[in-house]
Structures are given as structure tokens and as C-alpha cells.
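The following pair of complexes shares a single chain, chain A, combined with chain B in the former and chain C in the latter.
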Partner chain A sequence: MPEQLIFGMEVFLNGLMAGVLYALVALGFVLIYKASGIFNYAQGVMALFSALTLVGIMEGQVPFGHLVNAIFGTEIHGFGWHVPAFAAILLTMGVMILLAWCVQRFVFRDLVGQEPIILFMATIGLAYFLEGVGDLMWGSEIKKLDVGLPQGINAVIDETTFEWFGYGFFIDNLDIVATIIAALLVAALVVFAQYTKQGRAMRAVADDHQAALSVGISLSFVWVMVWSVAGFVALVAGIMWGTKSGVQFSLSLIALKALPVLMLGGFTSIPGAIVGGLIIGVGEKLFEFAVGPLVGGATENWFAYVLALVFLVFRPQGLFGEKIIERV
Partner chain B sequence: MNQITPDSYVTADGRTIGGTVMEMKNITLRFGGVVAIKDISFDIRQGEIRAIIGPNGAGKSSMLNVISGFYNPQEGDVFYKGQKRPPMRPYQVARLGIARTFQNIALFEGMSVLDNVMTGRLHHMKAGLFSQALWKGRAEREEVENREAVEKIIDFLEIQSIRKTPVGRLPYGLKKRVELARALAAEPSILLLDEPMAGMNVEEKEDMSRFILDVNDEFGTTIALIEHDMGVVMDLSDRVVVMDYGKKIGDGTPDEVRNNQDVIDAYLGVAHD
Partner chain C sequence: MFYREAGDFKTSYKDDNQTFPIKFDRYRYYAVLFVAFALVPFIVNDYWVNAMLLPFLIYSIAAIGLNILTGYCGQVSLGTGGFMAVGAYACYKFMTAFPEISIIVHVILSGGVTAAVCILFGLPSLRIKGFYLAVATLAAQFFLVWLFNRVPWFYNYSASGQINAPERTVLDIAVTGPNTDAWAKYMFCLVFLTFCALIARNLTRGTIGRTWMAIRDMDIAAEIIGVNPLKAKISAFGVSGFFVGIAGALLFAVYLGAAEAGDSFGITKSFLVLFMIIIGGLGSIFGSFAGAAFLVLLPVLLKNVLVGMLGWPTDLAAHLEFIIVGGLIILFLILEPHGLAQLWRVAKEKLRLWPFPH
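Let's look at the complex of A and B:
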């Protein structure tokens, strides 16, 4: 087998894995957009905030420690305990649910029925607010997140591929775990949306507010629920990205990578977010591999956006989005 | 018609109507300086078809919105099953057993007819999230029961052939019928219909009238409806409230109302002094 093809296969596999992580972020956007028509600019910051909180809880950091020390001249830094990863994840989820409730109660309750652009502006405000609160609560230094996920080269794949092709593929264990978790998450979300009472209520609210009210669905309950689920997705994305590249401000920028994924997959489709993520992931890695050397590399920075632009011209609703039909 | 007593009365076609389910007492509703409903009282009794009629802008829809909790009146009380109802959100009223349809149709366009009707039973489902997700125990039993109830209503309203069709693709008349099915699925103690015949042709109106009468007859459902078409209302309803400019100008059987001078004036457009 030609060497280029074998390298290409490895690049393809790595692209798929990267795509799964993009899809995870995009999923959070789709959930909120479907249920409330809000494009949540803060989704990336939610991932950052959840990862910060998780690290903070695990290491027994005192929330707002810096602030307290500055005001009262004290020297507190930590509680001096370590919370096991699983318990810390549960606690962080609790924080994300509380956040969802606050967002609904203090931001969107008074904005019901406003123009989409106003709701969008509110989420921009939310993003900066949350970023600031995250900094104040847990500090702004880069943190290491280790919840016990396996990392490093997968030996089995390396050896098997070496036997087959005489060249061992480098596939990171973390990426494999991320793929499995993402698959489970999507399956759980589909079961939730299709077969449970709360999921049906969510779909109903997404479709028509008045009708939902008339069958006894509480809109604010559903919205808090959707923001909680989006918070959970953000937490999962935060754990994956945080483990991979450390918990730091740039984590919130993964939201920008989700935008082309959404344009490709459509803003309203859960399968679209997955397929879109995979296409972007594979596309940018293969493009970098094939064309990158010819143009001096760094194509990964712009490839996704150009692809999204092409889609906007030829298929504005995305691959799986609802077709836009205006009846006159 | 026999004498109306607190417990019962007998209709023109010989049905015995029970006591009061809902009573509106001195309801006043304002929007800023505009008075939409002015000091109106009336009752709705068990098993009857009660109509609210009146010219455009009389406040009929506002009245229906007060009953279903979409508006809360500034003055007056709503008594439901003998108890004063505190100000409530629409979804809370729906859970009390008051189902409604809308003048402009509010359906879940993206869902199938079956799914739409199933949402009518959401607040009959009590099983926990995990039980539902795993499809075991209570959730499974509930789903089977609810499906049976829904299929019965779908058969009754003769929409079996479109069960799986997305609602967005249906013609207007059928959408109205699906909306009725969804409201019925909740097994309401009062069914509110906001202009069920609006925008329909003669044939569709006849169908809808028949369904309303059949629902009342078969399930004994108490129905309160708003309608423009006088002919339809007079044929359908047991008792009629007539509104004009937010005030009640008549209340009684269709015959009584038809001969009421104020009502005739309101409909024929006598100059107000």
C-alpha cells in the first residue's frame, strides 16, 4: 500500500475524533436553539465555566478566594481536601443546574417574546458575565484537569496497524474515550427527547408556545431544563477539551469552531450537529494533510469557515436543517 | 325548557344538565385604559353546551382567555367546582382540567397528528424520568393506557387515515379537528372552543357541528364556545351569553336570546345614544 494512503488513513481517523469534540460543542447550541429559538453565544463560556468549577471543586479551592483575600486581607486558598472526580462531576452538574435556573429567572424570563437579535445580545452579555464570574471564583491561571481519563497513544491500535501496514497509527486514548462518551450522550439525548414526558414537552415548546401552555406545559420549567441539559453537554465538552489542552480562557473559543459545524449541519438538527462536526473534523485534517504543504500550512484555521461559507451559498439551511419555505 | 334550579335543568332536546362547574362573578378586564370586559357574571353547568356570542370586538375572546388563564382579570372572581380560583398561569389552569382550542389554531406543526394528540395527555403521565427512559414498570403501563385513550379519540373524530401525517401538511379544516382531538385527549372537565368554525366552508361547518354535539353526547363533556355564526350557535347551544362592547346584554336559551331587544339591536346595529 502506498505510504501516502496509509498516512491519509491515520489523518482521517484523527479527523473523525476531532470532529466528535466539535460536535459535542455544537450539540449544546442546537439544544437551546431548538427549544427556545435562542442562539446561545455563551455555550463556549459555559464549557469553560463548568471545567473551571470542576477543577476548583476537585482541588478544594475556595470560591472567590482571591476576592475574599483582597478585601479582608486573609490568606485562604483552599479547604485542604480533594474531592474524588465522580463526586466533583455531580457537584459541578448541580452548579450548572443552578446556573440554568438563574439564567432563566434573571435574564430570559423578562425577555420572553422579544426579537431573536435581542435574545442573542443577552447571551453575549451572559458570556462576558460568566467569564468574569469564572475568573473571580476560581482564578485565571491555567489549570490541569485530570478526572482519570486515559491519555496517550493507544498501544493496541499502534501494534495492530504496525503489523498490517508496517506503520503504527497514533491514536490518542482520550479521543477514543471522547468518541464513546459522545455516542452515549447522543443516544441518551435522543431517548430523552423522543420517549420521555419531559422530552415531549421540550419538543412541544420548541414548536409552539401557546399550544404548549394549553396542554399544561410550563414554559419556564422546560427552559430551565433545556439550559440544564445544555449545561451538562457543556460540562462533558469542558472535561474533554480541558483534559486535552488544560483549563484556560481559550477553552471558550471552541464555540467559534462550532459555528461552521452548525452552518453545515443546520441549527435545528441533533444528527446534523454530529455529522457536521465529523465533516469539519475530517475535512480540515485531510485538507491540511493534502493541500497544507503547498500553501505553507495553517489551513486548519480557516478551512472550516470557508466550507461553511460555501454551504451558506448553496444550502443555507444546512444538511439537516428545516427547509426554509415562505408562503406568499 | 324546564325551570333552572341550582342543581339541574332539562334542555329543549330532553337532556338533563347538572349543577354549576364554573362561575364567573363580576369579571372586569382592562388593558391600560381600555375596558375589554365590564362587570360580567355567568355560569357554566355540568354537561351543557354554553355559547358566548357577540359582534366583533365585544370581548368574547378576552372572556375565553380569562377562563383559560391567559388573562387575569383586574376585578371579579372565577369559581371552579365551587372553589374560588386564585390567579393562575395558563399551564396551571390546563392541569386543572380546562382544555382549549385557539381561533388561529395552535398546533405542533412539526409533529405527527398522533404525537400532537398525545401531548394532550402529558399531564396524565406521572412516571419518573428513569422509568420512562428504560421503558419499564409504570411508564410502560401509562404509555399503553394513554395510547388507548388517544386512539379512541382519533377514531371518534375520524382522523385515523392521517394519524402519522405531520400536522403542517394538513388542510385547515383537518387542523381544526386535530386541535379538537388534542384538547379532548386531556379528558377536560370544561372544553373551551374559540371560534371552532371560523374560516370553514358549509360542509366543514356541518362536520364540526356534528363532532361538537357528538363529543358532548358521547363523553358528556361540558363545552363553552365562542362563535360568530349565529345560525350555528343557535342550533348547537343549550344556553347563550351575548356580549357587546364588553358588557353582557343577554343570557338564556337560544330562543330567549333571539327575542331579546338589546341583542337584536346589537346585531342589527342600532345607533348608541
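Let's look at the complex of A and C:
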């Protein structure tokens, strides 16, 4: 087999894995969009915030420690304990549910019925707010997140491919774990949406707010629930990305990468988010591999957006989105 | 009392159609122009110009540009930073390639180049709408910044990859480069802002502005009553690009002096200008000014209060600024989705009836 092709295959596999991580972020978007028509730009910052909180709890940091120190001149640095990863994840989930309630109570309850674009801009404001709160609460330096996920090259794949092609593929263990978790998460979400009472309420709200309200479904409860689920997805994404590249500001920028994923897959489709993520992941890695060296590299910065743009011109609702019907 | 139409008789169509139909508004407008052109240049110092006035003037132009596209024509754009970069790099190329031509021409030409690029990226808007378009304009943002970083021709093969503004003069007074006076830079930008605002205000009052607003309010309905969506959207992208390009050129040449695409024209710039028009008011020229003033002055104020008076570390002040800006945006959207401009309108309505509101 020619060498280029083997390299290409490795790039392809790595692209698939990266795509899974994009899809994880995109999932959170789709959930909220379906249930409340809000295009939640803050999803990426939620991932950052949850990861920051997780690290903060695990390390026993004092929330707002820096701020307290600056105002009162104290020297607080930490509680001095270490919380085990599992308990910390549960605690963080509690924080995310609280956040979901606050968002619903203080922001979107007052914006019900506004135009979608106003809601979108409100989530941008929310993103800034959360980013500031996260930094102020836990400090803005780059943190290491380690919840015990395996990392490093997968030896089995390396050896097997070496036997087959005479060249060992480099696949990160973390990416494999992320893929499995993402698959489990999607399965769990589908079961939740299809077979539980709350899930059915969520789908009803997504279908028609007023009809759902008239049969006795509490809109505010469903919305808080959806934001909590999105917070959970953000937490999972935050753990994956945080373990991979450290918990830092750039984590919130992956939300931007999730946007073309969504456009490609369609805003309203969970399978669309997965397929879109995989296409974008593979596409940008292969493009960088094939065309990148010719044009100076770093094409990953824009390839996803341009691909989505070109794609949308031909199919404005994305791959799996509902057909857009406009009436006067 | 003093804010009335009564007693101000219009005897010609020209009078009837003027921008400020109320006498008080008209005098206020002349007074503002007088203060800005005749008083401020004599009393400003370096700190005032560099920290507040220049960014305010330049971002006002950018905000007017984006407001035409988003506020008047309803096409949300997240590519403003990228388009400003086009203006800056075009200006740089013109300045270095034709040093004998006046910088004023360069700035206007770079506005034209940006308009062309903006139209190119605006073409998909005919098929893509709403959020999809907002995300599509991100393609422009990332692609343009990447292009200016990677193609050496744009930065004249300089080793650092930066572009540096050479010294250029207007009437033998340096306006770009290291040896400039604060007041000269201020005046240069002020003249551009005045003309841009005049053009924008009059465009939005006329036929073309009405077609934009028709497209914004409902594009299909507008099409049915005879508005050509292609013309309306493309012209909005073009005019908006022109202003944004001028703002980018001024930001680079006059304010920053040296720029690098990723740092100076990143995605944060796009959001900054978008926030300006949301806070200021979508679909209002005054709102563009108000929003730009608000978001330029707020960080300066916060920094002075928190760092200067309370002695907090700068990074905490920066984080707090994020919280305050984000919180204010949400607050504004909840209380007044039409921004500062709407508050101003309400105040004017109240003023017309004052002191007898019934």
C-alpha cells in the first residue's frame, strides 16, 4: 500500500475522533434549540465553566478566592482538601443545574416571545457573563484536569496496524474513550427523550409551546430541565477537552467550531449533530493533510466554516434539518 | 417649552424633509459639531485622544457600518473583524504602493475594496437566512484573518508578519506614523466620522434605506411588494463594507500604527462591534454612536475605578468587565430590546410634552 494512503487513513481516523468531540458540543446546542428555540451561543462557555468548576472542586479551591484576597487583603488560597473525581463531578452537576435554574429564572423567563435573534444575542451576553464569573471564581490560569481517563497512544492499535501495514497508527486512548462516552451519551439522550415522562414533555414543548402548556406541561420546568441536560453535555465535553488540552479560555472557542457542525447537520437533529461533527472533523484533518502544506498550513482555522458556507448555499436547512417553510 | 415643532413654520419641501425637523434638535446638532470641531482639538491631550476619543470615533464608523447591515437590513454578521482587516490591509497596500497619493484617497479606496469583499461574502445571504447566515459570516472572519496571516504579499514580506503604518500627511500635518499630534489624529478621524454619519443618515432616510427595512421586517413580503432582494441585500452588504473598511483602515493607520491580523482583527472585534449596536440600538445611527461611546468608555471607567481608586489587580478588573458587559447586554435586552437609542427617543417624546404631560 502506498505510504501516502496509509498516512491518509491515520489522518482520517484521527479526524473521526476529533469529530466526535465537536459533535459532543454540538449536541448541547441541538437540545436547547429543539426545546426552546434558543440558539445557545454560551454552550462552549458552559463547557469551560463546568470544567473550571470541576477542577476547582477537585483541588479544593475557594470560590472567588482572588477577589476576596484583593478586597480584604486576606491570603486565602484553598481549603486544602482533594475531592475524589466522582464526587466532584456530581457536585459540578449540581452547580450546572443551579446555573440552569438561574438562566431560566433571571434571563429567559423575561425574554419569552422575543425574536430568535434577540434570544441569540442574550446568550452571547450570557457567554460573556459566565466567562467573567468563571475566571473570577476560579482564577484564569491554565489548569490541568485529570479525572482518571486513560491518555497516550493506544498500544493495541499501534501494534496491530504495524503488523498490517508496517506502520503504527497514532490513536490517543482519550479519543477512544471520548468516542465511547459520546455514543453512550447519545443513546442515553435518545432513551430519555423517547421513553421517559420528562423526555416526552420535552418533545411536546419542542413541538408546540402553547399546546404543551394547554395540556398541563410546565414550560419553566421543562426549560430548566433542558438547560440542565445541556449543562450535563457541556460537563462531559468540558472533561474531554479539558483532559486533552488543559482547562483554559480557548475551551470556549470550541463552541465556535461546533457552529459549522450544526449548520451542516441541521439545527434540529441529534443524528445531524453527530454526522456533521464527523464530516467536519474528518474534512478539516484531510484538507489540512492534503492541501495545507500547499497554502501555508493552519487551514483548520477556517475550513469548517467555509465548508459549511458552501454546503448551505445548496441546502439551506443542513443535512437532516427540517425543511424551512416560510409564509407571509 | 423649548423642544417643540410649534411655531417653526416650514415653507418649502426642503425644509419639511430636513434631518432634524425640530429647531432645538437642529441647534443641538450644530452645537455638537461646533464643540467637536472647534473646541475639543484645542483642549485634548494624548491620554484623552488615545484612550477614549480615537477608539470612540473609529468604532462609531464601524458600528454605523454594521448597523446598516444588521440593524437596517436585518442580516446578522459576525465577520466585522475580518472586514476591518480587509480595510486595514488594503490601506496598508495602497499607502506603500502609492506614497504620492493623499492618505484620504487611500482610506476611501480601502473602504471600496472592503465593500467588494463584503459583497462577495454577502452573496450567500440570498439563500441563507438568520442564524445560518450569522454562522456563515464567521467563515469570512476566519478565512480573511488566516489569509492575511499566511500570504506574505499582504504584509509586504516583512519579517515580523506585522504591518506598520508609514508617515503620511494631510496639508503637511502628519496624521499617521510615530510623529503625530493628538489633535491631528483626532481631527482626521472626526472628519471621516462626520461624513460617514451624514451619508448613512441620508441613505437610511431615502429609498434605499426603506428597501433595507422592508427586507429586514419580512423579506418575502418585501419581495411581493416589489423590492428586489438581490439589490437590497447586496447594497446593504456593500455600504456596510465600505464603512467597516474605512473604520478598519483608520484603526490600523491612525490609531494602532502597527497591526497583525489575528491580534487586532480577531473574532472579539466582531463581537465588540455587534455589542455596540445592540446596546446602542439596532436600526439607529444615533444608537451606533451611543453604543460605541458606552463600550469604549465603560472599560476606561472600570479600570480607573477598580485599579486606580480601589487598587485591585488588573486581571480581576478585566474579569469584572466581562461580567458587567455580559450582564448589561442581558439587562438591556430584557428592559429595552431597542437599546440606548430607544431611551433617547422616549426622552424626546417626554420632552415635547414637558412640562404639561397631559
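Heads up, the rule we're going with is that the second predicted complex is superposed on the first by the 325 of 328 C-alpha atoms of A that agree within 3 Å, B and C clash if a C-alpha of one lies under 4 Å from a C-alpha of the other, contacts with A are read in each partner's own complex, and residues count from 1 in each chain.
One rule holds in what follows: contacts are C-beta pairs under 8 Å (C-beta built on N, C-alpha and C of every residue); 3 or more make two chains touch, one makes a residue touch a chain.
The model shown is predicted, which means the values in this text are computed figures rather than measured ones.
*Asks:* Judging by the criteria at the top, classify the pair chain B and chain C on chain A as clash or fit.
*Replies:* Verdict on chain A: chain B and chain C fit.
*Asks:* Just to be sure I read the superposition right, which of the two partners does A:130 touch: chain B = first, chain C = second, or both, or neither?
*Replies:* A:130: touches chain C, not chain B.
*Asks:* Determine, under the contact definition given at the top, whether A:84 touches first (chain B), second (chain C), both, or neither.
*Replies:* neither
*Asks:* One more residue to check, A:118. First (chain B), second (chain C), both or neither?
*Replies:* Only chain C is touched by A:118; chain B is not.
*Asks:* Just to be sure I read the superposition right, which of the two partners does A:196 touch: chain B = first, chain C = second, or both, or neither?
*Replies:* In the superposition, A:196 contacts chain B only.
*Asks:* For the superposed three-chain arrangement, provide the angle chain B-chain A-chain C between C-alpha centres, rounded in steps of 10 degrees.
*Replies:* 90
*Asks:* Considering only touches as defined above, state whether A:293 meets chain B (first), chain C (second), both or neither.
*Replies:* Neither chain B nor chain C is touched by A:293.
*Asks:* Between chain B and chain C, whom does A:150 touch in the aligned arrangement: first, second, both, or neither?
*Replies:* neither
*Asks:* For A:94, select first, second, both or neither according to whether it touches chain B, chain C, the two together, or no partner.
*Replies:* neither
*Asks:* For the three-chain arrangement built by superposition, which of chain B and chain C touches the greater number of chain A residues?
*Replies:* C
*Asks:* After the two structures are laid over each other on chain A, how near do the C-alpha atoms of chain B and chain C get, in Å?
*Replies:* 18
*Asks:* So chain A touches chain B in one structure and chain C in the other; where do those two contact lists coincide?
*Replies:* none
*Asks:* Contact residues on chain A for chain C in the complex?
*Replies:* 39, 66-67, 70-71, 107, 110-111, 114, 116-118, 120-122, 124-133, 135-136, 140, 256, 259-260, 262-263, 267, 295-299, 301-302, 305-306, 308-309, 312-313, 316, 324, 326-328
*Asks:* Please name which positions on chain A make contact with chain B in the complex.
*Replies:* So the residues of chain A touching chain B come out as 188, 191-192, 195-198, 200-201, 203-204, 206-208, 210-219, 322.
*Asks:* Which residues, counting only chain C, touch chain A once they are in their complex?
*Replies:* 76, 124, 127-132, 134-136, 138-139, 141-143, 145-146, 149-151, 218, 220-221, 224, 267, 271, 274-275, 278, 310, 312-313, 315-316, 319-330, 333-334, 337
*Asks:* Help me check something: in the complex, which residues belonging to chain B touch chain A?
*Replies:* 68, 70, 89-92, 94-95, 99-102, 106-111, 115, 118-120, 122-123, 125, 127, 129, 132-133, 135, 182-183, 186
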